[in-house]
Every structure is written in structure tokens, then in C-alpha cells.
Amino acid sequence: MELLLLLAVPITGAALLGILGAHRRAPELNAAFSLATLLAAGALAARVIRHGDLLLGAEQFYIDPFNVFLVALTAFVGLTTALFSRPYMRVELEHGRVTPGRLRLYHAMYQLFMFTMLLALTTNNMGLMWVAMEGATLSTVLLVTLYRTPESLEAGWKYFILCGVGIAQALFGTILLYVAAGKVLGAQGMTALLWTHLDAVKSQLEPTVLALAFVFLLIGYGTKVGLVPLHSWLPDAHAEGPTPISAVLSGLLLNVALYAVVRSKVLVEGALHSRLPSMMLMGFGLLSVVLASLLLWRQRDIKRLFAYSSIEHMGIATFAFGMGGPMANFAALLHMTVHSLTKSSIFFTAGHAAQKAGTQLMEQIRGLITLSPTVGWGLMLGSLAILGVPPFGVFASEFLILTTAMHAQPWATPILLGALAVAFAGIFSKVQPMVFGETSGRRLPHPPALLPVFAHLAIVLMLGLYIPPYLAEWYRAAAHLIGGP
Amino acid sequence: MTHLTLGQQLLDSCAALLLLLSFAMLSQRRVVTLVNLYAVQGAVLTAATLLLAWRTGEGHLYLSAALTLGLKVAFLPWLLHRLIRRLGVYWDTEPLLNVSGTMLVGLVIVVFAFALAQPITLLASTATRSAVGIAVSVVLLAFLMMITRRKAMSQVVGFLSMENGVFFGAMSASYGMPMVVELGVALDVLVGVLVLGVFFFQIRERFESLDLHHLEALKEHE
Amino acid sequence: MLLVGCVALLLGWTAIGLAGLLRPRSVVLSGRVLFPLGALLGFALAVLAGASLLGGGIERLVLPLGLPGLPAHLRLDPLSSAFLVLLGAASGGISLFAGGYFRAGEGAAPGLLCLQYHLFLASMGLVLLADDAYSFLVAWEAMALSSYFLVTTQHRLAEIRRAGFLYLLMAHVGAICLLLAFGVLQGGSGLFTFAAMRAAHLSPGWAAAAFLLALLGFGAKAGLVPLHVWLPEAHPAAPSPVSALMSGVMLKTAVYGVLRVGLDLLGHPVWWWGLAPLALGLLTIVYGALFAAVQTDMKRLLAYSSVENIGIAFTGVGLTMVFAGSGMPVVAALALLATLYHCLNHSFMKSLLFLGTGAVLHATGERNLGRLGGLMHRMPWVAWLTLVGTLAIAGLPPLNGFVSEWLLLQSFLFTDGLPHALVNLLIPMGAALVALGAALAGYVMVKFYGIIFLGQPREASLVHAHDCGWLERIGLLWLALGCVLLGLFPLQVIGALGAVTAELVGAVVPQASPHWWLLAPVPGRPVSYGPVVFLTATLAVVLMTVLIVRLTYRQRVRRAPAWDCGFGALTARMQDTAEGFGQPIRHIFQPFFEIERELPAPADRAPRYRIAIAERIWKLLYEPLVRAVERLANTVARVQQGRISVYLLYSFATLLVLLAVAMAS
Amino acid sequence: MSAIEWITQVLEVALALAAAPVFLGWLNQCRAWLQNRRAPSLWLPYRNLRKLFHKEAVIAENASPLFRIAPYVVFGAMALAAGIIPSMGTQLPLVVSADAIALVGLFAAARMFMTLAAMDVGTAFGTLGARREMMVGFLAEPALLMVIFVASMLSSSTALPVITRNLASGHLGLSPGLAFSAVAFVLVLLAENARIPVDNPATHLELTMIHEAMVLEYSARHLALIEWAAQLKLFNYVCIGFALFLPWGVARAQIGPLGLLVAIPALAAKLAAAGAGLALIETVSAKMRVMRIPEFLASAFLFAVLGLLVHVLLGA
């Protein structure tokens, strides 16, 4: 019931907003649908907490601690982003950057995007997951090009082609998985793609085929995670679309993609009896962290800067999943959560800052703290949080990851240390002048929605100081599911 | 080596035909021809699916074949042709790597693909063992084609051809995917092409051309 | 019980800070109510911690905060008590001063400053109480963060933003090093409490790695050369009470950290670990003193002097570890005492000096020594109280600075008993460097005091300078009193610190003399120092001289214009400038400095002389580092070159490579 | 502590106060002889002091109280130092409270007050002198400390009487480390007491003067105190030299009137010799440029450190 609601609400919303999306009250409607989704997600989470794992819809849907927390997170950030986009998109409309028609597209696609992500998270069918992931790309590609600027078109094209090609590899990987499973499970048809069944027999699956399948899946979903060197579309797409979309792309879609990678890893590692997938994840993770933190130094566009920071943080999480084990998995899950909350809140403030300055170029954004103290403090605290400064939650996860790495993979720690230092210098040297100093900017016709920003930061702060026991249990259960050495 | 039945022989020739078509696409510079080749590829795929359906008696494969026929032989080529006419893009410019070079690389890739397919082939339950290698080849060759082309349209055809390869892989290795998934995949491809159509118009409206070199502004390196 | 009290006081600080937000623009609320209240809490903390120190017991507390499975562990043991006393006592004086110092209309709102300031205090307290890696690091970075915001109060100035950035960057890099150090210390147990780390058995290699990482992390915070570069930028940038707090208290938390890791968590140190802090400490002493001597900005001068003093503390830490590792616990205890004592002293005297410069800055708006002078007449309170700090930090008996240097030199005397031939040859050289540093400190302080307070005003506007308010005076008075008392009653202080040495090196320095006024800490050696007697004797002799001269002398004193060898009209421009006063040092130690001179030509109509001194370390270490990263970033940027074909090629190549790897394995 | 010890203590200070000017007079006399000049009276320093004490004091208008306090502090410090150095006996009550390091600290305190007072009026010469004085100080002070350190290591104590007693007992002989230290000490002595080749107390040339530049603004009783303090300082330094390198004759252990009877003539003899020696050094060497002083002192520091090294290498 909850699951049905969870999936039905956004798709109904998409349909309805497809018609009414240009209405004066459409932003509120959008937020209302997101709220309903969140309520459904909350109910589902409550049910999972009470009754444990759920298998629903003829085994097509499977809810366990791993995905239900992502579902809740997705619905929550979906709501806050919808709240943020309310004044933001109105300002864009008044500045003439979007037309009512495009606003309709935006609202409809926003809900559709939510639907695809929730579907990808909740489905038990690896094939269906692939379909949903591709759907997520398709629903957002036109949002990236919403402004129709040359840059946004270019970004959209790259997004579409690179993710499309990537995801095609994932399909091939899924097929290989199916082939391998068909041999064991015997049955033609449905069960051979169901994750629960695959998980049950994973140790009997043919290792070589699974290794190949994993490579295809990793390339496919890894492209969407933005793992270096498959990341090339990410900074473009995240920077050129409307800010709410940047927020959900960075905050949510990357998580969902990483979720898919991790699900695949669990299966494959179970079959392989070797650390190959782990090594690959660690390699990708490190490469992403290093490359992204170096590229942070060259950024001039505020959203592009934080897009690279997303690559870096996905790299850290991927590295942690690669290390495996209860502690690292726990930390990686925590990292996904706090990154998603922090990064979306940063995009909110960055969006407002860019609107105020009339540009996304950082050198022209100055003195936010004087112009609008809340936006300034939001950006400052958000950036510090994402840089892993305690007492914010990102620090908690990085603490666990680095200390675990120091024992489990000591060779990687100097690299991480260097990269984190470089990233800190890269981001903070650019954020500080934007927040401090003499100001330049204008007042906006609509007051910015900063509740989402501070709500996110408050949660991140809380997670740094205190993780509620049920949440910790949740993470632990999920970390146990993912397994590792 | 056991004696091959007629069905197997036919299937193998279908596979060989697919590979041949892939190479043809790799070398082809005329966009219209490229789309036609894609349509032919779709047709061969349909034939192969039908053959499999007939041999195994799997009902849902007929549906698959119908879907392939409708989508890949009829609708998509029609749509692409329409786009080509509307947008006026008939020729691709000189590819980034010359044809003979591309072919040579393609050859190496085919060898690699066959090596790769070895373990999968051992596992494949069907009688179409060599086909898996060809499916992998088709995917990788389409990839190569996308890399070497400069026009958005050719890249799209490459993308679609890659999807064909994946589909053929599914078919040859395990008689296709479950129906839900297959429908979903088809839907995605359809929506994807529609989105692309919209995209083309946006790009052309902005740049008055579909040449990809307009889309190289976002970068880190000056 | 005491621990609960301490935690309550830290929470009290936090509450005071938050109360500042009630009326953020109100100077009366923040300045006259909240800051003095914070000072009271500071004194209370000092009393509580002092009681714990004298009791010598250990208290533990676990709070349900932090990571799951790792609640916040707190622990009050002699070591943390000693540093808490330092924090409470020094911050009390500073807070009183700050109450009068922060005014409306200068940068950030007073209420916001009040919040940041008290959070800074509370986080420093938490650093000292934390008993697990996570809460330690959280407190550690909260400390850096709150002080960062305090440093950038005047964020409209580009140099202050730069200082803030540099500060936070170094702090963060240091924190990551610490994080890794704790990662090693946990020894794979996954337990991050300090108790678990004490119990963990590390292989020698890993233990050394942990210590070096910790040294790097704490050294970055302390300002150990070459990680000190942020310090002379950040300290002058901050408002003076904050500079005082950073220099006087925050730097000491780094010493605390090294002691905690090196002597407590790692258990028994290997003797050669001590060589690293020893060598770096000695280098830092000389380096800091030399650069202090050539500064022209009074707060920068003090900042470099802090670098020097941190060097002394780290030298002490190094000696302690060398002795402790060589099985000489009593001598190790002596060196440790010197370290702790020096930390305590420095927190008083450097706070006093920074606050003095704050008062000068407020009265004149000038930080540049070249535009000050003669303030003794206009600000007698500040001038005389600062004189106490000046003499103390120059290491003159019978003030406090001398006591710790005396103890340190005494422990150096034992180095020839070390069982390692080469080390035993080299370490006594360290004593020479310590002596050189102490002498240079005298040079620096004469320059500092003489140019600011003595002579004639170098600018006309200085005539309008006014003395500081009563709250500020109380704050200064307290700190000056601390300098005197710490100098006069070392025995009592050392007695209280005995619990710390017992905890860390397992020995107490015996008191060889039965007298309360005589410090005779060196076992088996007839060495003693009695500051009270010393002072009494000095005073007696001086008073007697005055008396005799007064009695015999009949002539009156006449005031006249300065003679100056009869050169006639004397102007303030004829006095030595800060640059001039630093000239001998510049000349003698030329290779140390990066000097940029602008000399006037002989025919110049408006001759101008300008000299800028920079640290070579920028050119030698940091700039190449930054350039290397930039070059690397540029190289890497080629990857992202805009063409979709190339991007596809990346994916393709990655796919092929991974497939090959998967097949091969 | 017996009364006799206290008497010795007071006697030491009194003797130093009395003998310091005459020692300077003696030095000047020797120098004059060596330079073929007619020597001034041995008592000239006394007459000078007396003259100064009876003049009217003129103080600059903008001088602060620090300016007036400084002479007393400096004089007091030097007088106290005379009480710490075992020039006649080693059983000094005050010494328990102040060892050699404190002695160096005391000298530093005097120097610091002197330089601060010199900067107080704000004249060009005052600050110039202060700067040069500190330059000499920061190099000479560690050298002196190192010299003392070597001796301290030999006797495992930084208390001067202990060192003297130890050395005087003779069982150590002349350690090679001490030889280096002695050289260093002589250099330090010359520099610290404004003697040629570092400074020339007889001239007022702005290019070279150090000590004189600092005291230009002083007159009458203040100047008298400062001059007297300077003479005391020289006396003290020479006595430190005796304590460290020529400890013979100093009354050791159970001190009695008899001990003093030996000690005083011994001291007088040593002083006479030292005065002559210093005069010789001053005669044969020339005043050097100010900027050469650091090199001179650096070599002193180096000698001292070398002494330490030699001691550790050979002595331990």
C-alpha cells in the first residue's frame, strides 16, 4: 500500500503537472506532491522498521534497510528541493530565462524524475532497475537544456550520449547476469533477474561471466555515479541546468546510481571469491577523488565547482564501499546521506547567490554575507560542511572512512590526505571571497527559500554530533547486507 | 564439432550479417545510408529473433520480434529519415580517424570481443554460441563508431546500433529478457529517440548545424 | 563531580555565547554583562581544574553524543586539569579585557563575536576533556572554525581574508593528519576511545608513524617551523583579545595534544621519537626569534615571538621523550615540568602583551611600530602592565619566564647522562640554541617596548591616545599579577604539577629543599633558585641605594630639553625605527631572510626608504607546492577537453581495460 | 646559616662596591703605562663619582619615570650580582637563591633596563646605543651561558660556589673544554664591558660608541650610579672569570676569618694581574667597526659551544 502510494503519487503528479504545470500555483502543487511522496516514504520506512524486509508485487519490489533509507532520503530532498524551487523558478520566470511552457515541462519532469528514482530504488528486478535508471536520464535531459543556451544544449547532449552509452553497457551487464543466473536458477523468465534470488545463489554463479558482467555494470552505472574517467558529462550537466535540478542530480541521482553499483558489487563479489570488484571500486574511487580535487582549482563557475566536489565525494563513498566491511560500509552510507543533504543545500544557496549576482561566475559574486547574511552563512557553513569540517556529518563519515583506511588500506591514505587538502584549498579559496568582502549584487523580487538550506544543514550538523539509534541500526543493517571483508 | 542444423546455420549467418552491417556502418559517411543500414540491421535482428522463436517455441520471442520489427525497422528509421529531411543533414564530415584506420581498429576489437565472449559462450544455453561474440563485437564497434563521428546524427545511429548489439546479445545468450524488461527497454529507446528529436531541433535552432564541434565549449582546458 | 562541573562550565560558555545573539547589536549586553560573566566562568573552571589537579584523581564521563557505538567520552586527569587551569585562568583575564574591548560599529556585531568567542573557549575546553578520537577531533576543528570566524571579523580587508584562509587550510590539513594518526592508534580494533588506544599494541613502525603524524598535525596548530606560516598572518588579523586567546591558550592545546599522544596514548615512548620535536623545537626557537626581531608590525612581532615560545615548549617535549625513552624518568619529569611551566607562563605573558597591543591599537588605530612611540605618558596603565609582560617574556628573573627557562636549561644539563653517544653529543648544542633564543627574545622585547611606549610620539595624532577602560585594566592587571606570582612561587606550581609528571612519565621531581621559597628540583645536585629571596634582595639593594642617594644628595632635579650631544632641535623622526632596530639582526642573519629593499637614489627629491622582509620558506616550500598542484591541475585539465568523442573514448578505453583485467584474473 | 656567612656576604658586596672603581683605575693606569702615557691617578674614578654625585641633575623634559628608575635598578642588579659571585668565599647565603643562570638573567635584566632607559628620551643616539647594546647582548649572553654550562657540566651544578669549590679542589685539573671556554669568556668580557676592541669608553664617536651613546642623557647622580654600575659589572665579570678558571685562593667550606684573610690578598693579586692582562689586550688590539662586532661575538659563542663539545667528547 505504502509502496503503491510512493510510486503512484509522483507519476500522478507528473501527469497532472504535465497539464497544469504552467499554472500560477503549480510550484505549490509540485511541493504538495513531493510532500505526499515523503509521507508515503515515511510510512514505508516505518513499516520496514517494524516488520523488516518486504517483498511486494509478485517479488518485483523489495525493500530492505539499504534502499529504504535512500527512499526516505530521496523523498525528503525531493520535498525540500520542491520548496526551494518555488521562489527560485518564479524569479527565473520573471527574469525571462524560462517561459511558462518550459515551466510546465519542468514541473512534470521533476515528478517523473522522482518516480524513476524511487522505482530504481525499490525494484527487486535488475532489469527494471536498468529501465528506471535510463528513465531518470531521459526525464532530466530536457531539464538540463531548459534554458536553451548553447552551453546548456551542449551539456544536455553530452549528458544524453555519455549516459546513454554507459547505460547500454549496464544493460549488457544485466544480460550477462541473467545468463549466468539462468544457468543456476534454471527458470526462464522472471526470477533470474530478481535480486533476492540472485543474492541467494550468488556463490554458485559462474565467476568469469560475473566478473565481465560486473565490468559492464560498473561502466554503466559508474558513468551515472560520475566516476573518473567516466565523469565527463557530470560537471556540464550539473552546472548548466536550473539549480533545483542540479541539486537533485548531485544530491539524489548520484546516490541512486551508486546504489545500483553497490547492489551489483554485492552479487559479484559473492560469486567471485576474489577482491576484484573491491579493487576496481577503490581504484575508481581514488581516481575520482584525486582528479576532482585537482580540477576544483580551475573552476570559475560556482555550480561547476560543486559539481566537481560531487565527483570527489562520490569517489570517497565508492572507495569506502570498495574497502567493504561493516565500518567502511556504514561510513559510506552515512557519507551518501550527508553528502546528499549538504550538496543540495549548497546548490540552493549557490542558486540564490547566482541569481543575486546575476551570474554564475564566482569572481563576480562577492560579499554575500553583507548583502544577504542568511545566504552568505548558508554557503559558508555548507561549504565547510562539505569540506569535512566538524561538527558536520560529512566529517563523521570521513573520519570513519579514513581511520578504517589507515588500517585496511594504508597505501591509499596519503593519496586521500593530499587530495582532501587540495580540495579544501580549491573550494575554500573560492568560497571565502564570495561570502566575505565588499558586496555586489541585487535584491530579488521573491524572498529566497532558505528553510530547506538550514533544515539540511541542521540535520547534517546533528548527524555529526549525534546519530539517532534507529538510524544507526538502519545503517548497520544495510552495511551488513553489503558485506565485505 | 557437432553437425549444425539448418536453423543454427541460418542463425549463424544472421549473426555474420550483423557483424558485416556493423562494419559497413563504421565505414559509411552518408547519413541516409547509415539510417538504412540501421534499418537492415533491425530486419536481420527480427529475422534472427523469429528463427529463435521458431526453434525454441518460446512465445514471447514472437512478441519481441514484432516489437523489433515495429520499432527498429519501421518507426525509428522513418523518424530518422524525417529528421534528416527536416534538418537537412545528409553527409557526415571526414571522421576523426580515416576509414581504413577505423576498420583496422575494428578488426582488433572483434578479436578481443571473441576472446571475451569465450566464457559466456560456455554458459550460454542456446545453440547460438558464436553469436555472443558477435553481439559483443557489434556493441564495441558501435561504440567505436560513436567515437569517430562528428555529426550528432551519426552518433545517434551508432547509439541505436549499440542497443541492437545488446539486444542480439540478450537474444543469443538467453533467448531474450523477461517481457517486462524488454518492454521497458523498448519504451526507453523510443522515448530516447523522441527526446533526441526534440534535441536536434533545439541544437539546430541554436547553432544552425548539427556538427558536434559546436558542442565543445564546456571544458577545463583552454 | 569536578568533571561534571567542568562540563557544566563549558556549557555555560556556550549558553553565554548564545545569549549574545539575543541582542546582537547591544554592546552593553555583550561587553558589560556576558564577557565578564564568561570571565567568571573561566576563573571557576581554573578553580575546579586546580582542585582536580591537587586531588590528582581521574574522573570519567560518557555522554550520549557522537557516533553510534562511540559516545562522547570525557576524562579529567591531571594533564587535562593542568591545561584547563591554564585555559580558565588566562581566558578569565582575556574575557574581562574583551568586555571593554569590543565596541559597536567595528566589523561584526558584538553579539556574534560573543557567540564565536565563547564557542571558541568551550571548544578548547572540550579538546582538553575529550577522551575519544572523535570528540577530540570535533572539538579540535570546532576550535579552529570558531577562531577562524573571529580572525575574519574584519573580512573586508583582503589581507585578513588571506590570513583566515591560510589559517583554516593549515588547521584542516593538520586535523586530517591527526585523524590518520588516530587511525593508526586504534590499531585495527575499530575502537576510538583513548582507553582502547592506550591498550592497543602497535608495532614499532606503526607507533612511530602515529607519533610523526600526530607531531605533524599538532605542529601545524602550534606553529612549528615550517608549518608556522599561518601564524604570523592570522594572529595580527584577529581582534586583540582573540589573538591573545589564540596565542596564549590555543597553541597550548597543541602541546597538550603531543603530550597526550606521545606520552599517554602511545605508552612508553621510544627515545628517538623525541628527537623530532626536539630538533624542530630548536629550529623554531631561533627562527621565530629572528623573525620577531625584524618585524615592523607589533602584532606580527608578537606572533613570531609565539612561534619562538612554542619552540621552547616543543624542545621540552622532545627532551621529555628522549629522557623517558632512555629510562631516566626523574629527569624526564623535570623536562616535562619545564614544558608545562612554560606553557602556563606563556599563556599569561603573551596574552598580556597581545592585550596591551590591543589597547594601543584601540587608542591609536596603528599597528605599525613606525608610527607609534611615547605612549608611556599617555597610557601609563597599559605601559606599566605591559612592561611586566615584556620583562617576563624576555626571561628575566624573578618573573615567570625565567623559571621555565631555568628548568629547561637544568634538564639540558643531564643530557650527558644519555646512553646514546652521538645524541649525547648533539643535544647539549640544543642548550646553546635555547640560550640564543632567550637572548634574542630580550632583543625583540626591547624593540617592542621601547618603540611603542618609550621615546617620542612618531605621529602627531598619538597625542590624543587615551588609556584603556577599567574592565581592560582589570584584565591586564590579572595577567600581570599572574606573571609575577608564577615567577615568585614556582615551588607551589611545581608541586601541583607533580600529578601530571606522575601520570605521564611515572616520576615526580623531588623537592630537595625544606624551604617553601626555595626551588631545588634537581635530584642529587646542589642547584636551587629562590625567586622570593632574589626579589627581596634586589629590592633591598635598590631601595637602599635610593635611600642613600636621597640622603646624601642635596641638589634638585631640573627638567630641560633633551641634550642629544647638542644636536639642537630634536624631532621624533630622528629616533630609531622598527626597521632600524632590526638592522643588526638582518645584517647578521642575512641568509635567513628574503629581503626586498627600495633605496633612494642620491639625487632623489623625495627620498624614500622601504624594506620588506619575507620568509624564504614561502619560496622554498609553499610556493613550489602550490605551483606543483597548479601545474598538476592544468595537466589534469587536459583530460576534460570538451570533445564528446574523446569522452566516449575514455569510456571505451576504460571498458576494454577493465574487461581485460576481469578476464585476466 | 651562620652569622659569619652573612658577614662574608655583606663584606663581598661592600668590597666589590669599593674595589670596582679602583680596579678600573688600575686598569687605566696599566694601559697608560703600556702606551707610554703618564698614568692618571688610581683614585680618579672615585673623584669622578664624587663629582657627579654633587652636580645638579638635568633630565630631559619627556623622560618617563622609567628613565629615573633605571639607574637604581642597574646599580642594584650589579651590586646583587657581586653578592652572588664567590669572589672571596663560597659559603654565601644568597647564592642558594640564585645560581649562575640567575646571574646571567640578572645581567640581562640590567641590560634591558639600561636599553629601555636609553630609548626613553627618544634621541637618535639613545636608540642607536640601545640597539647596539642589544646586538652585543644577544650574542654575548648565550656565549656566557655556554661557558657557564661547560663548568656546570663538569660539576653537575649551576651554582657558582659549587663549581668553584669543585674546580678549586683540583681533582679535575684544567679540562680541555674549559680552555676553550676561557677564551670565549675573555671575548665576552671585553664585549660586555664596553672595552676595546668592541667599544671604547674613552670616546664619544657616533660611529662606534655603544655604552656612551646610551647614557648621553644622564647626568649627575644618575650618571654616577650608571658609571659605578659599569665598574661593578667589569669587576663582577672578572670575578666570574676567577670563579670559573682561577678558583684558587677562594675560601672554601668552613669559612672563618682565617679563610678571608687568605682570600682577600689572593683576590687582590688576581685582580691586579687581570687588570694588567686586560690593559695589554686593549693596548695591542684596535677598535673594530660596529658591524664586525657580531663576528667577534659569534666566534666567542662558537668557542663556548666548542668548549661544550670538547667537554662532552673528551670529558664525559
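Order of writing sets the chain letters: A, B, C and D. Residues in each chain are counted from 1.
The rule is simple: a contact is a pair of C-beta atoms (placed from the backbone, for glycine too) under 8 Å apart; a residue touches a chain by one contact, two chains touch by 3 or more.
Here the structure is a predicted model, which means the values were calculated and not measured.
Undergrad: Where are there more C-beta contacts: A-C or C-D?
TA: C-D
Undergrad: Quick one: report the Å distance separating subunit A from subunit C, using the average Cα coordinate of each chain.
TA: Taking the mean C-alpha position of each chain, the two centres sit 43 Å apart.
Undergrad: If you average the CA atoms of subunit C and of subunit D, how many Å lie between those two points?
TA: 35
Undergrad: Would you mind pulling out the distance in Å between where the CA atoms of subunit B average out and where those of subunit C do?
TA: Using C-alpha averages as centres, the distance is 69 Å.
Undergrad: Which integer distance in Å separates the CA centroid of subunit A from that of subunit B?
TA: 31
Undergrad: Hunt down the residues of subunit C that sit against at least two other chains at once, touch-wise.
TA: Residues 634, 636-637, 639-640, 644, 648, 651, 655, 659, 663 of subunit C touch two or more partner chains.
Undergrad: By residue number and range, which residues of subunit D touch two or more other chains?
TA: none
Undergrad: Going through subunit B residue by residue, note those that touch at least 2 other chains and give them in order.
TA: 116, 119, 143, 146, 155, 215-218, 220
Undergrad: Mind listing each pair of touching chains for me?
TA: Pairwise, the chains that meet the contact rule are A-B, A-C, B-C, C-D.
Undergrad: Touching subunit B in the complex: which residues of subunit C?
TA: Of all residues in subunit C, those touching subunit B are 634, 636-645, 648-649, 651-652, 655-656, 659-660, 663.
Undergrad: Show me the residue ranges of subunit C that touch subunit D in the complex, using the header's touch definition.
TA: 373-374, 376-377, 387, 391, 394-397, 402, 405-406, 409-410, 412-413, 416, 424-425, 428-429, 431-432, 435-436, 438-440, 442-443, 445-447, 449-451, 454-456, 517-518, 524-534, 537-538, 541-542, 545-546, 549, 552-565, 567, 570, 572, 574-576, 580-581, 583-585, 587-588
Undergrad: Enumerate the contact residues on subunit C facing subunit A in the complex.
TA: Per the stated touch rule, the residues are 64-69, 133-134, 137-138, 140-142, 144-145, 152, 155-156, 158, 161, 164-165, 168-169, 172-173, 176-177, 179-180, 182-184, 186-188, 190, 192, 629-630, 632-634, 636-637, 639-640, 644, 647-648, 650-651, 654-655, 658-659, 661-663, 665.
Undergrad: In their shared complex, at which residues does subunit D touch subunit C?
TA: 53-62, 64, 66, 72-73, 75-77, 79-80, 83, 94, 96-99, 101-102, 105-106, 108-109, 111-112, 115-116, 119-128, 130-132, 134-135, 137-139, 141-142, 145-146, 149, 152-153, 156-159, 162, 204, 206, 216-217, 220-221, 225, 291, 294, 298, 301, 304-305, 308-309, 312-313, 316
Undergrad: If we count contacts the way the header does, which residues on subunit B are in touch with subunit A in the complex?
TA: Contacts found on subunit B: 58, 116, 119-120, 123-125, 136, 139, 143, 146, 152, 155, 159, 162-163, 166, 169-170, 173-175, 177-178, 180-181, 184-185, 187-188, 191-192, 195-196, 198-199, 202-203, 205-207, 214-218, 220.
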